[in-house]
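Before anything else, here is the set of structures, which you'll find just below.
Next, two complexes with subunit A in common: one pairs it with subunit B, the other with subunit C.
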Partner chain A sequence: MADVDVSSNAQSLSKKAAKKQAKEAEKAALKAEKATKVERVAEENDFAKESYGILPLIQSREKIGWSRNLEFGSGDGDSSPTLHKGHYRTLVRVSELAKEKANKVVWVRARLHTSRSKGKQCFLVLRQQQFNVQGLVSVSATISKQMVKFVAGITKESIVDVEGVVQLVDQKIKSCTQQDVELHLEKVFVVSLASPCLPLQLDDASRPHQEIEEEGRVTVNQDTKLDNRVIDIRTTTNQAIFRLQAGVCSLFRNHLIRNGFVEIQTPKIISAASEGGANVFTVSYFKTSAYLAQSPQLYKQICIAGDFEKVFCVGPVFRAEDSNTHRHLTEFVGLDIEMVFNYHYHEVVESIADTLVQIFKGLRDNFQTEIETVRKQYPAEPFRFLEPTLWLEFQEGVAILRDAGIEMGDEDDLSTPNEKLLGRLIKEKYDTDFYILDKYPLAVRPFYTMPDPNNPRTSNSYDMFMRGEEILSGAQRVHDPDLLTERARHHGVDLEKIKAYIDSFRYGAPPHAGGGIGLERVTMLYLGLPNIRQASLFPRDPKRLTP
Partner chain B sequence: MADVDVSSNAQSLSKKAAKKQAKEAEKAALKAEKATKVERVAEENDFAKESYGILPLIQSREKIGWSRNLEFGSGDGDSSPTLHKGHYRTLVRVSELAKEKANKVVWVRARLHTSRSKGKQCFLVLRQQQFNVQGLVSVSATISKQMVKFVAGITKESIVDVEGVVQLVDQKIKSCTQQDVELHLEKVFVVSLASPCLPLQLDDASRPHQEIEEEGRVTVNQDTKLDNRVIDIRTTTNQAIFRLQAGVCSLFRNHLIRNGFVEIQTPKIISAASEGGANVFTVSYFKTSAYLAQSPQLYKQICIAGDFEKVFCVGPVFRAEDSNTHRHLTEFVGLDIEMVFNYHYHEVVESIADTLVQIFKGLRDNFQTEIETVRKQYPAEPFRFLEPTLWLEFQEGVAILRDAGIEMGDEDDLSTPNEKLLGRLIKEKYDTDFYILDKYPLAVRPFYTMPDPNNPRTSNSYDMFMRGEEILSGAQRVHDPDLLTERARHHGVDLEKIKAYIDSFRYGAPPHAGGGIGLERVTMLYLGLPNIRQASLFPRDPKRLTP
Partner chain C sequence: MAAFDDDLCALERALGLDSRACDGKDRKTDYAGLLSGAFEVARRASRPDLLGTNVADRALVHQWLEYRLVHLSSASCRGGKRTMLQELNKHLADQVYMVGNYLTLADILLYFFLHPIMVEMTILEREELDCLTRWFDHIQHQPGMRQHLPPVVIPRNKLYS
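Presenting the complex of A and B:
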């Protein structure tokens, strides 16, 4: 299993933050110790002793609450922490706790997000994914002092089962998503107790950049977050980012399937490096060695030459590039497309651009909550796109840059800073964050790119950009074995190594084009996140292999 | 690029087949030579010379036929093989060639599946994916002898653009999918010429087992097919298999997304071997080494402990097992599920079984054509399943086997032959090809499996079977770090190596369970295919890394 080095986290925090964290951890440890003590000494004469405690491990002993068609039926009088057979219990979602449920008694399973005790009362925030609600335990005829003390001692991030009455509140509770009600708890049982020493605090990890800078408040650095992803992904920001990312995949696939594309599965272990052997990971394969695929392109093309006509695949792509930038990963998810066309590769470019536009629309229409949630922590301008998509030739892009004082040759590729600058200039001029650059210089593209028959210096290839960063690279592929051989020779590619690739086109191959989209880049750039690692659940880069 | 060793294919054929193939290749070579000659010497005085020929490479010179909203408008008088700007052409699909199109003039792009010349006529079969139609060229006022000769010389599998009149036929053409019409061709242009020497013939590769055995006809062995996947996947059987497989993925995901699951992307390069280091591929990772993930389980569990509640993923899984069987691959596609439950892991088992049942129903309802197509080559009984799903305890399965005379201990795992036998016995008794075995002996499951609290010898784990072969293995996972440590110690697992895994459950973890489904196994067993390699586009096994 992956090696999360928890012990090193403190080092990566700033001194001040580390000090604060250490203090908090100490406090929490004391708190937990007390909690355990409370539980251990659970006084026999406590009149509320049946209303709280630590549940035995849920090991599926009995089928409690399993009969899913039962009426909402809490409070059947059985209040023992050891649950009995026949005790059906419906758990209510935190998101459902609203005015309509006022005065109802409900059971909820949630995390203890925070707690704050105050004399004979203890206020809690109960969290479930991106939703949270205020809870309250206070000494009464049914709730003992010991019980309040127990609740106050439960460690943050523990999972609890609580029973309580949904109470309307006079003033909206602004710190919670459920603002109109709070839960007056009658029973509190711990399902899973969190360690008192959390390697990071959710509130710190969720703090907006602005607050950190302006108010000098504690934050958590990126490595600590990534080292402790199991806690970090609980933040509402991360819950939103990865739900939206799942949405990108789903929108991509659904649009293509509706349009007659077939999903294919391509192998990741391959016998020869796809593009000359640079930047490729080597794998030991029984008595020989193999490589990790840098792209599914060969396989997409075999499927095209194999009559599938329009294919797509979603899967990992591996690049052994020692690039430590905000936008490079050594393993990322490729959303790949390849399709035949009749007469002109622009049929394919249109189809890919349309796919992206459908994704942008789907995100805008179905993920507004997630977008707004992320924006609270990472403010960004809404993502703008045009219909039809803005489509410039590479040389038009160069002209815009030259107008802005940039010097570059006709056959130079765009540098990363120039790409970004061009993005800003295009945004100013056309008000779009998404556009296509078509007809790249032939010299800067791989050997299998179809040369432009109308201009010996350009090629039938294109990149697509979001907020000035490339998210897709694609081209018409050479589907003729003789021209492909000639192009490979021109690029100095070892013909012996690509024999099988060239041979794929010897048995009749239709004209085709395609491209590959980086999922994490789409997520990062759509949301305007500062770093691609924030758009990968478990990022891999030259220095990170864990968790 | 992958290394397809075309030269070795002949060796893997039987002598007789090899001889026949060599003969055919020779014939084809001659034919092609003639075709080229015909083209080269294209007599200036041939009155039909504008109606046939080899098109220049489609290099996207002009946007012909690109204006997609135009009326169906063929036959505009421009008959030159070099297509001009403004020449809009709508290509009609072979599947659309039916009675309704009678007497219309259409353009079609298709593969030349076969041709047979007969005096002044040449009959062709034009194929497009799983559809085909008969074509006919015969000498007439507009069609010259030379043209018929040219057409007769076009190599099989070449891609052609043809213009012709859709003609009703008196007798159904039983050898084609389009049985009511044939195309009387007026123009024939080659878009992509196939090599005259095909490493395998589609008709041979598509022959049903029965015909091969009874009539001693030529077939193509599996290695030749796999070596030449670019041709092999063009068979209607393969087109159907992989469309159905895409359907499995789509049905799986759609069902889960509808039920609130979140799709996650898990890394394939990991820092430590998940299950003790056996059967794992090693990767060179910059200055260190890493491994290929044998399952996404750790990451699914982190996402569960990270509050995603219900997750799934679809992706490659790697097993460095030197198993050369009909059902093992070294790289396969895992359809993985993990979810929290409230009180009993059967909540999860029900959910997974329901997902599979929805897949079976979706295949039955939406892929009947594909199922029937595959059955023509690989006859199999229709796949049977029950609702609710048949659910037996492991010991009930053992009892059925013992009744049939099999001897086995209470804590023995099922051997592969016993699993298959049990499948047959269950089919006889319950008439189902799908069932669950629950409560496996604790001793035969991994350390992270939750022990059954009611029986020290059994565990909260399950396998699911299709036609007597395992397609899913799953369990309630131990979510308590102390019990997990104890179980790991009991299994002799090095605690240091799994520290990070255990630590994942220290910050509050809900009870959860899950499982992983093998996509290729589901495809193979649903269709009753004899070998898992037939359910993988580009299979990987200890001896195969190409194409």
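Presenting the complex of A and C:
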């Protein structure tokens, strides 16, 4: 009878199994039906499909908003390009979104800085260089749930084209530069999608130090910032710093050109080290080797002896100093001046000081927004200077240091800590961040410095300081070949190597003097930044060669 | 206990006593410890006020001399030095002198002890310990106090804000 039992069991099992299978199949079928139904419903209900999406790659397929229809005599009789009537669209700058544009419909292209979605709404911040504005997408008759979901999912830093209505707000939006309005978006298109994992977050990179310490927030390491410079320079602080730096350059140029200076270009691949053999980069030059110029000194002087009288040049300077400090770069931009004078080198010193003061004034008057922006992340005292510029002799500086208890010899050069302390003492005594120190001891200056005729231990040389750090080193140059040879011999310089240099003074050379400043150092010290790498777009130092 | 000879000799000179006993030879005295030696010198100089004019002040003078003894060793390591200086700075926040409002042995002996430390500090460090620096400057200008020691120049205004 066991057989019968087994067989009946087997049968009932298979029956049960069959029932189970049938049930499961039913369930699966129902599920699948539901899913397709939801999808169809979703597709059906997306009435805003045309208002959002990722644009195809802009390969200049069509002209939207502008065309060069040179129809002379059209309209007012002028020949300016007319707007193509078919595709009319002008993109408005975020900086122009203000009360005046209330209730207007505008197109804006900006970066998606942040987005935050809450159910049926999504708030976003659109950023364009230093300006940002709040945007809002909410479900409505024209905007679907899918659109809000899409907008919330766009990755940060993507470039988007949006169309929206400018609306006035009751309360000022403190976190944006455009505080009076917000943009109610109708259309959102992605022009360029950013990769979802950004190597650093812009908000972290532009956080002020105080906030980091007080609230224990995250900060970005300087090395990470420099490795991912393309994102780091998007922060409002960096945009401001480099606009100001460009301002320094243009103020320098314009002032000198107005005063009759000629801009020259000097070679950077040279045959002999100009400042001394230790800190120079060697490059292979066909079958021999050459050096990268440490300064345009030699060529400025040849131009002076070549009757250009007042010259300046703006170009890279290469110093192979293995110093990893906060103020040294291996490559930086040098702004160099050289000019003839009539009877006393102080004529040149006044001219150089005047140039620098004009730069400070120009920055103070025209770049106040940038200075304020930088101050938000790097708080510093405003830069103070006197008119006329404070001008002390080296011995007076030594006396001030000795009064404060520092011991130093009469012919000692100023060490960096002493320079900084002297800067503090002078700031406290005279209330200036910029001053000149004249008549340095001869022993600590290069061989081409003209000695003081009244005192054999001093020289006609000078340094200029900003916030206690040296920015310019200059002197009256020796323009007599015999004196130059003697000075070179005294310093133990190999005369063979500088034969060409000395020869350039054999054919009548006028008395001249000059000096050079570093663009990055001036920017860093004017703004009070802690590190020179923040004032250089792509800094070079002994440990960094990229980007 | 020749260890305290320098301090005691300097104390003698500061109080106007003849310090011929300090020319390289051991001082001839029964009181060679810092506290006992200092009290003896003060007695010889007829300056009992330096020990403290009332019982409470006398106890405090004892306390600060003890402090100086105890911290002699910790002052040799950097961490100990900082804590000690910060403690002194805090104490001097509302006091002109270490004990009460008159000069005592505590001020004098602490001055001699702190002098080498103050000399090698940078101006920034001195400004951070502003009360200590103010007290130090006051003591070093007391007549007869500084003797052969180099003055520590304290600028009138703060350089580092």
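Criterion: the second predicted complex is superposed on the first by the 482 of 547 C-alpha atoms of A that agree within 3 Å, B and C clash if a C-alpha of one lies under 4 Å from a C-alpha of the other, contacts with A are read in each partner's own complex, and residues count from 1 in each chain.
Assume a contact is a pair of C-beta atoms (placed from the backbone, for glycine too) under 8 Å apart; a residue touches a chain by one contact, two chains touch by 3 or more.
Note that the structure is a prediction, hence the values are computed from the model and not measured.
Asks: For A:A404, using the defined touch cut-off, is the partner it touches subunit B, subunit C, both, or neither? Pick first, second, both or neither.
Replies: Second partner only.
Asks: Report for A:T266: first if it touches subunit B alone, second if subunit C alone, otherwise both or neither.
Replies: In the superposition, A:T266 touches subunit B alone.
Asks: Going by the contact rule stated at the top, is it subunit B or subunit C that touches a larger number of residues on subunit A?
Replies: B
Asks: Classify the contacts of A:F434 with the two partner chains as first (subunit B alone), second (subunit C alone), both, or neither.
Replies: neither
Asks: Applying the touch criterion given at the start, work out whether A:F189 contacts subunit B, subunit C, both or neither, answering first, second, both or neither.
Replies: A:F189 contacts neither subunit B nor subunit C.
Asks: Classify the contacts of A:Y526 with the two partner chains as first (subunit B alone), second (subunit C alone), both, or neither.
Replies: Neither subunit B nor subunit C is touched by A:Y526.
Asks: Touching A:R424, do we find subunit B (first), subunit C (second), both, or neither?
Replies: second
Asks: Should A:V333 be classified as contacting the first partner (subunit B), the second (subunit C), both, or neither?
Replies: It touches subunit B, and subunit C stays clear.
Asks: Quick one: in the complex, what on subunit A touches subunit C?
Replies: 403-405, 417, 421, 424-425, 427-428
Asks: Given the complex with subunit A, which residues does subunit C contribute to the contact?
Replies: So the residues of subunit C touching subunit A come out as 122-123, 151-153, 155, 157-160.
Asks: Using the touch definition from the top, list the residues of subunit B that touch subunit A in their complex.
Replies: Residues in contact with subunit A: 1-6, 57-66, 83, 89, 91, 109, 111, 128-129, 157-159, 191-195, 198, 229-234, 238-239, 242-243, 245-246, 249-250, 253, 257, 262-272, 274, 281-286, 288, 290, 292, 298-299, 302-303, 305-309, 314-316, 318, 320, 322, 330-331, 333, 342-347, 450-454, 460, 476, 479-480, 483, 497-501, 503-511, 519, 536-538, 540, 542, 545-547.
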